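Each structure below is given as structure tokens.
Two complexes come next, and they have one chain in common, chain A, joined by chain B in the first and chain C in the second.
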Partner chain A sequence: MDKLPQPPLANVAERYSRQVRFPAIGAAGQARISASRVAVIGCGALGSAAVDLLARAGVGEIVIVDRDFVEISNLQRQVLFDEADAAAQIPKAVAAANAVGRINSQVKAQPLIADATSSNIEEILTGAQVVIDGTDNFETRYLINDACVKLGLPWVYGGVIGASGMAMAILPGETPCLRCIYPEGQAAGVLATCETAGVIGAIVSLVAAVQWAEAVKILIGDHQHLGRGLATFDLWTNDYLLATGFPRLADCPCCAQHRFDYLEARHTSQTTTLCGRNAVQVSPGHPLRLDLAELGRRLASAGAVSISPYLVRLGVDGHEITVFADGRAIVKGTADLGTARSLYARYVGV
Partner chain B sequence: MIYLDNAATSYPKAPGVAAAMVNALTQAGGNPGRSGHAMAVAAQGVVDATRRRLAALLGAPDPARIAFTCNATDAINQALFGLLRPSERVITSRMEHNALARPLAELAGRGVAVDSVAAAPDGSIDLDDLARALRVSPARLVAMAHASNVTGCILPAREVAQLAHRHGALLLLDAAQTAGVLPLDVAEMEIDLLALTGHKGLLGPPGTGALYVASGIKLTPSRFGGTGIQSEDEQMPEELPERLEAGTLNSVGLAGLGAALRFLSERGVAAVRAHEMALTGRLLAGLKDIPGLCIHGIADPVRQVATVSISLRGWEPIDLAAVLDSSFGIAVRAGLHCAPAAHRTLGTFPSGTVRLSAGCFTTEDEIEQTLRALDQLAQTPT
Partner chain C sequence: MHLTVKLFATYREGRFEIADLEHPDGSTVGSLLDALAIPRAELGFVLVQGRHVELDTPLAANTTVSIFPKVGGG
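On to the complex of A and B.
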């Protein structure tokens, strides 16, 4: 059979012509972008919006790390996925890589269906020039921070909830790292999550756009135009702020003392399979007293919740998550440690 | 914290265990039985002393008949694979821990005939059933736990040994739950093979265990390698314990075990047993008063060790254990306790039970606090 005629691909110069004509990028900048490798950790809302922009901009290689599968509730804000992906429950990393192939066949997308953990993150980041945070929890962000500071690798933090979001580029050794700004992580079960407080798609686009711009400035070496602070946005109250007053902490455990608590899994939550029960226990990596009533109120928007003086139980997506006063949770309906960890991060929050 | 998980591993360890291990690393750091210098001789001295103390505790006439292993599982594997040959028959029970059940399942796949004696719904084993199984056809071995790690029910080991011997079989006793907890005398009880671990009732560190082999029984080693003696020979030596101890021993762990054995001999296993029996009696009596609470087992402090399995109406065992820990600071274990067959017998498969296991250092007050917590939870089902 004869080969079907292929649609003519625009040549490279034409493809990126509008981006190249933007003086701050230019031909030299484009050459750097095309030769670069970017790691996107987490490919939900922020990750997929960032991957979309990176692929269109012609980044040479994108490493996409996510262990979850596309669900119908993702489509409202996760721009790379469509109904077919959700129906087929495709791993997000794979669906994103497929989408990259359709958007720009010159970009090499490397999907990795996994959680970024203390055991694999350094390998994942090998060869990347910049890392984009697409995660939904602080535990993984601190892990990225540890790994990037250790490897001297720039990364761009981003987070969204409701109609608000924030973003910040971190140049290890030069600008404040995540632990300079938040030295200790919030206790598990205290922060709201998108599953409980909701999130709108527009804030995702905005924060991902900032992350993309900061990442591209890093890739082309234009450090002078980096934000140098924590950019925060609220699309509903119209508050936009670039907070630049953060200094590098002289005694920052991470970037000053080089103590990598998350990389060495000192502060990391732990998962244990419960023998024969199709259940996994997730324990926070730190001592904790939870306000169960408050947690119960927060979870009530996410699914059926029951509360007793000793526990809060949430039924969601065919799983039952029982949270106890010390922050541990028993996730029933799965024997998979990663699924349990992901549900814990999404509903209890780490 | 109230620690009621001594059936998994004892806590705290006997006084002196940690110091003995530090001393072994810093002062007796040689390889026992391998060299002639002072440190190696010191390490050998530590290992020998532990062996002698263990022999004394077990009533074993000759310490050389005790081979050190990594744990009870290791000892059981050595006993079973070292003794049984294809077409030979072994009789076990439907109450066993996977430490015994899984090696037997493997041996069944290699042509050993494995028969299981059923247990009553309370987990006890009727010796008439065992006698019948022994009469059906000749057996090489009876292999059973001295006490169930789920119900705590004690096997009348002496009677089982005599019954086995009358039918030409040997007895392998899995003493994981009883060594250090029940007075043992292998000679008087006529036990042929006894497997134990160092980190439970013996109050020593994990990574230590032993297999007692009665005189006249010759086992094929399950590991082959250096022994420090008869190095010129291609084959493993005939002598015990070296025949079953290929490779460098865990001299640091054995130093800790030695300290634990010294503590136990000073306190006396009979005193430990009396203490635990009193605690178990109080626990069982209190549990019987809690509405909706079910004790899985014989619920008789005289016929069981300090391990008690329960379930509570309205609570899944894993949730109950998590609440006891997270809201009351009581550490227990929930689930199948690596003994699925036992839970099938008890009718508690697959959810399992919550296991409360007191130990040598558990206090009466801790038992009272546990009873109060369970009583409170009985009134708040999830």
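On to the complex of A and C.
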């Protein structure tokens, strides 16, 4: 079969010509975009939509951090992934980096299969000019907020549920931080999740688009056009509202007092329920590098085991335990933290 | 006093999207949340006429109050 002619990938000027013709970006803005590094923490729905836009825009380097693997139920809204990724249960960070390579080979995608924790978040963010929130939980968002305020690094919050979503750029020292907006930490088991309330793909696209636009304005130094508030949307009832008037709290523990409760905890919770899934993540709470092949051999006597270069999966007692090389496990078939901890201790060991 | 109240995201379940309500004169934002049985643990923020207000802020008649839960999915 004849090969199709290859497009002129080296022609950078042509590739970004429409974006460059947009006056607010221009050639100078494109140069800054191409020289920039963006960290995307969490690569599910919001994260993958943001990575897609960042890659197409020609961001120089994208750090993609995610702890999970692709499943069929992700495909309705997680735009970087396809059926082959789900069938092979590829880690999302790797699948996303692979997709970036197909979309724009000039972009350097750096996948990291990991949970963002107090132990690694500052290292992950080092060298980034802006951070995009692709997480599905507030514990990690507060952690990002702590790290970004400490490092003086802008980040863009985003959240979705049902047909609703919101987004806001946070510029440490200039605008309210996440703890100015939501001073109290979030208790586990209280908020609706994608599993209980559902989520539609279109709100993901909308919120990620706002996150991308705010991030690019930051990258090119156009702070004048950043949204001065929290942009909120409901696609089903057509409510679009810019929430304004949030003050920087004079006693904010994070951005005023520089007390970084989430960052200095030095360990995040050992167990986390996963948004949209009857599943719990169990984390060892300390740096770990498992020999997955050895673990797979050890678990083979306990139940059905499958092994890939990235993970070991064990089906046992009506549960499915997926263990990653950093020692984390996702326990499917339960939302009970104690059950998950027990299964982890029993099969993975603590 | 007369208020227009808009609820967002999961707060709509079992309640309403938008409603015109009567609420006692001189009452606060917090009292409106109590009247609507809005659980504080999920509360994101409250806006009056699009601007953020604290729970102890007195409500003014003929205003629009928008109540948002924390939105945490992603």
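Basically, the second predicted complex is superposed on the first by the 257 of 350 C-alpha atoms of A that agree within 3 Å, B and C clash if a C-alpha of one lies under 4 Å from a C-alpha of the other, contacts with A are read in each partner's own complex, and residues count from 1 in each chain.
Everything below uses one rule, namely that a contact is a pair of C-beta atoms (placed from the backbone, for glycine too) under 8 Å apart; a residue touches a chain by one contact, two chains touch by 3 or more.
The shown structure was predicted, so the numbers you read here are calculated from the model rather than taken from an experiment.
Engineer: Taking the superposition on A as described, I'd like to know which of chain B and chain C A:G44 touches: first, second, both or neither.
Structural biologist: A:G44: touches chain C, not chain B.
Engineer: Report for A:C275: first if it touches chain B alone, second if chain C alone, otherwise both or neither.
Structural biologist: Both partners, chain B and chain C.
Engineer: Have a look and say if chain B or chain C is in touch with more residues of chain A.
Structural biologist: The partner with more contacted residues on chain A is C.
Engineer: Determine, under the contact definition given at the top, whether A:F81 touches first (chain B), second (chain C), both, or neither.
Structural biologist: Once the two structures are laid over each other on A, A:F81 reaches no partner at all.
Engineer: In the superposed arrangement, which partner chain does A:D234 touch: chain B (first), chain C (second), both, or neither?
Structural biologist: Only chain C; A:D234 stays clear of chain B.
Engineer: So, does A:Y347 touch the first partner chain B, the second partner chain C, both, or neither?
Structural biologist: neither
Engineer: Same chain A residues contacting chain B and chain C, which ones?
Structural biologist: 275-276
Engineer: Mind listing the chain B positions that touch chain A in their complex?
Structural biologist: 318-319, 322-323, 325-327, 334-336, 338, 340, 350-352, 377, 380, 382
Engineer: Please name which positions on chain A make contact with chain B in the complex.
Structural biologist: Going by the criterion above, the answer is residues 274-277, 279, 281, 306, 308-311, 313, 322, 324-326, 328, 330.
Engineer: In their complex, what parts of chain A are in touch with chain C?
Structural biologist: For chain A paired with chain C, touching residues are 42, 44-47, 133-138, 141, 158-162, 164-166, 181-182, 186-187, 190-194, 197, 199, 230, 232, 234, 237, 239, 241-247, 275-276.
Engineer: Given the complex with chain A, which residues does chain C contribute to the contact?
Structural biologist: Residue positions touching the partner: 6, 8-10, 13, 17, 39, 41-42, 44-45, 47, 50-53, 66, 68-74.
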